[in-house]
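Below: one structure in structure tokens.
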């Protein structure tokens, strides 16, 4: 079991308030991603759940039990750190076995658990090495191995992939997702990378300035962003925003269209513009268009289209794919 | 990367470097060689460099005439004693400053360093009088106390810079892994801190061993360490160069070897982390 | 770790070190300050009385003070000049690829570990002795009149001995700084057409500036208090030719037992050292923030 509840949690460092007031329910077995720009409080929130920081106010409950004042060790959570935080003086075996040793598990039980974890994570051949003799991906797996052996109520991940190169990051992303399916344990995963959030999460918490902007499934966030911040943060490349007269025609302060929601025509369309740069990737084509009204629009079309830099194009947003926002940035329904 | 350096150039530079190094090292080498000469050979002109009758008699006479090993053990007792006491006081302090810093931590560190810059003569008179009244002059305890105090700031600083390099993440990981405070200290912190503590120990034994203001002014015979004992050779009663050399060789050899081992830590220890 | 109970624990852990150092600094220093305003000689017990600034007036107006101050500055300045220039050159040399680099390094840093009394006596007797010393023999080989070092150039002799002890320190620190210089920066300067001398003056020297400053300040702190080398070689003489401030105060207090006067001198020395210390602390402090 591993449901986690935050009840009006606040956190300040001296006069600086990082988290004004957050309440959140995470159900057992969910993969929840905290995502947001740097400084939004996502790591602090994770550390509050872990018990590495004291809350300034509010309650934290795990499986209904109040753990607000419990030592990290008593919360039965596991954490994978951004820096991996492996114990440099212990072998891989020693690192993975450490949590069990702290529990006072028997030697047979430790050996079995370490063997299993190593098998799952392809570390069997490296058990006697020291962390410094491992590659980045292997260190990452040791950190995960150390987290899974104690069968925690939930896993906490603090930007675990940010020190890996792009290819490895994709591979590890898959491994962590598969691990979640295999173990079915609650996972909370902190990242600033919305691609990681979209691909891995059951539910995403979008944080900004210590507040929850929206909490929902990846597709909900993509298709029904609650506000301009979420709309701009989720999706890549970023949503195009148009303000002024064009937006007023839609009865909004601002409208947003995702780059992949334009139809491109060389004859006619809603907006006319000149192509600045055209990137032909084969599978996709990206156009950076300067519209007549002066807006810089990013357009993504699948496949190859014969448009070059300097040419004029006409853009039309797809039906039902124009997002409308009021002056406060809230989404206007319908 | 760098282009291949021609071998001829490397040989030329090596020759210069070896020559300079030899010249710098020469006084030590010369002391070592002289310690195996007879007093007659030692003052002979032209000097004999290697081809003389090697003898060990100086080492024997130094011990017989002046009870050399008492002074040697005085040096060991005061240098090691003051360093260990210093470490016992400094480890908790440096630990607290590194892992639980407050706004004032930096000020405390700077202030500690400033006490190191207090010139010894500024406090010589009162310390001498206090020691006289407490009968601490020429005692191990008195000398250990002073050496501990003058090296304490350096010990705190060195430990602080080492502890500071232990990532907080790893301590937090241990906490997440279910380690209590005691287990955290035993299984994670101590093994990671030991290299730093060891090099602090080494450097401070060296500094205490070679300290030559307080050792000369606060001891006379009973507790006199080697610095003070060797200084007694300055009286111009005669030219006992061979014996002086033997005594000197014994006095510097252990510390030279320790120094060679700790040379990597030396820089940061002596510059308070300002140069790494 | 920012939980509440750790803060209290932290304070308790720092307490012994802080209290001891505070006591070590305040008690003797205030006693020195107190003595410095007293007429107080150990040879005349029971005759102490308050004299105001008389000790300072006497100390500062005595010609020995001014010569001691000059000697202190010459000693510090001389040693600094030799060790900084020598240390930089030596560091540049040792930074090159050399056969047996490790051993060369060990030989070069060795003098730093020799206790002051040993190095002073070895130089005084076995090297600089006017009759049997190695230097006099070398002079005679080249048919030059040997110098009686400690009679003819006493201060220079002491500077040489102290510089020999501190050269390794300067070399080691400058070498460490030199090795932290980015290789690509040097290559970029090479691509920009900088020869060895412009490379040194525009790239290397500015990079070393910080390390050199640190060397200057730390050495100054130690060199202001040079004592053992003077005690075992010249005993401050001939006359007062090699008496520095530290040695002068030592003579006043432990040889002439004039506690009041020595204390006034001690306070003057503290003030001088503090001027240097302020600069050093600033540099170290800046580094602490980085």
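By written order: A, B and C. Residues from 1 in each chain.
The rule we apply is simple: a contact is a pair of C-beta atoms (placed from the backbone, for glycine too) under 8 Å apart; a residue touches a chain by one contact, two chains touch by 3 or more.
This structure is a prediction, so every number in the text was calculated from the model and none was measured.
**Student:** State which chain is most central when centres are taken as means of Cα atoms.
**Tutor:** Closest chain centre to the overall C-alpha centroid: B.
**Student:** Can you tell me which chain pair comes out on top for contact count?
**Tutor:** Chains B-C share more contact pairs than any other pair.
**Student:** What is the distance, in whole Å, between the centres of chain B and chain C, each centre taken as the mean of its C-alpha atoms?
**Tutor:** Computed value for the inter-centroid distance: 16 Å.
**Student:** Between chain A and chain B, what distance separates the C-alpha centroids? Give it in angstrom.
**Tutor:** Chain A and chain B have C-alpha centres separated by 53 Å.
**Student:** For chain A and chain C, let me know how many angstrom lie between their CA-based centres, rounded off.
**Tutor:** Going by mean C-alpha positions, chain A sits 57 Å from chain C.
**Student:** Please output the residue numbers of chain A that touch at least 2 other chains, ranges allowed.
**Tutor:** Residue numbers touching two or more other chains: 52.
**Student:** Tell me, which residues of chain B touch at least two other chains?
**Tutor:** Within chain B, the residues that touch at least two other chains are 172.
**Student:** Enumerate the residues of chain C that touch no fewer than two other chains.
**Tutor:** In chain C, 1 touch at least two other chains.
**Student:** Of all residues in chain C, which touch chain B in the complex?
**Tutor:** The touching residues are 1, 6-7, 9-11, 13-14, 16-18, 20-21, 24-25, 27-29, 31-32, 35, 90, 93-94, 96-100, 103-127, 131-132, 134, 136-137, 140-141, 164, 167-169, 172-173, 176-177, 180, 183, 187, 210-211, 214, 218, 221, 224-225, 227-228, 231-233, 245-246, 249-250, 253-254, 259, 262-263, 265-267, 269-270, 272-274, 276-277, 280-281, 283-285, 287-289.
**Student:** Spell out the residues on chain B that touch chain C in their complex, using ranges where they run on.
**Tutor:** 1-2, 5, 10-11, 13-14, 16-18, 20-22, 24-25, 27-28, 30-31, 34, 42-47, 89-90, 92-93, 95-97, 99-100, 102, 106, 108-110, 112-130, 149, 152-153, 156, 168, 171-172, 206, 209-210, 212-213, 216-217, 226-228, 230-231, 233-234, 239, 241, 244-245, 248, 251-252, 255-256, 258-260, 263, 266-267, 270-276
**Student:** Okay, in this complex, where on chain A does chain B touch?
**Tutor:** Residue positions touching the partner: 50-52, 71-73, 77-79, 81-83, 85-89, 98-99, 101-103, 146, 150, 156.
**Student:** Quick check on the complex: what are the chain B residues that touch chain A?
**Tutor:** Counting only chain B, the residues touching chain A are 167, 169-170, 172-180, 183, 187-188, 191-192.
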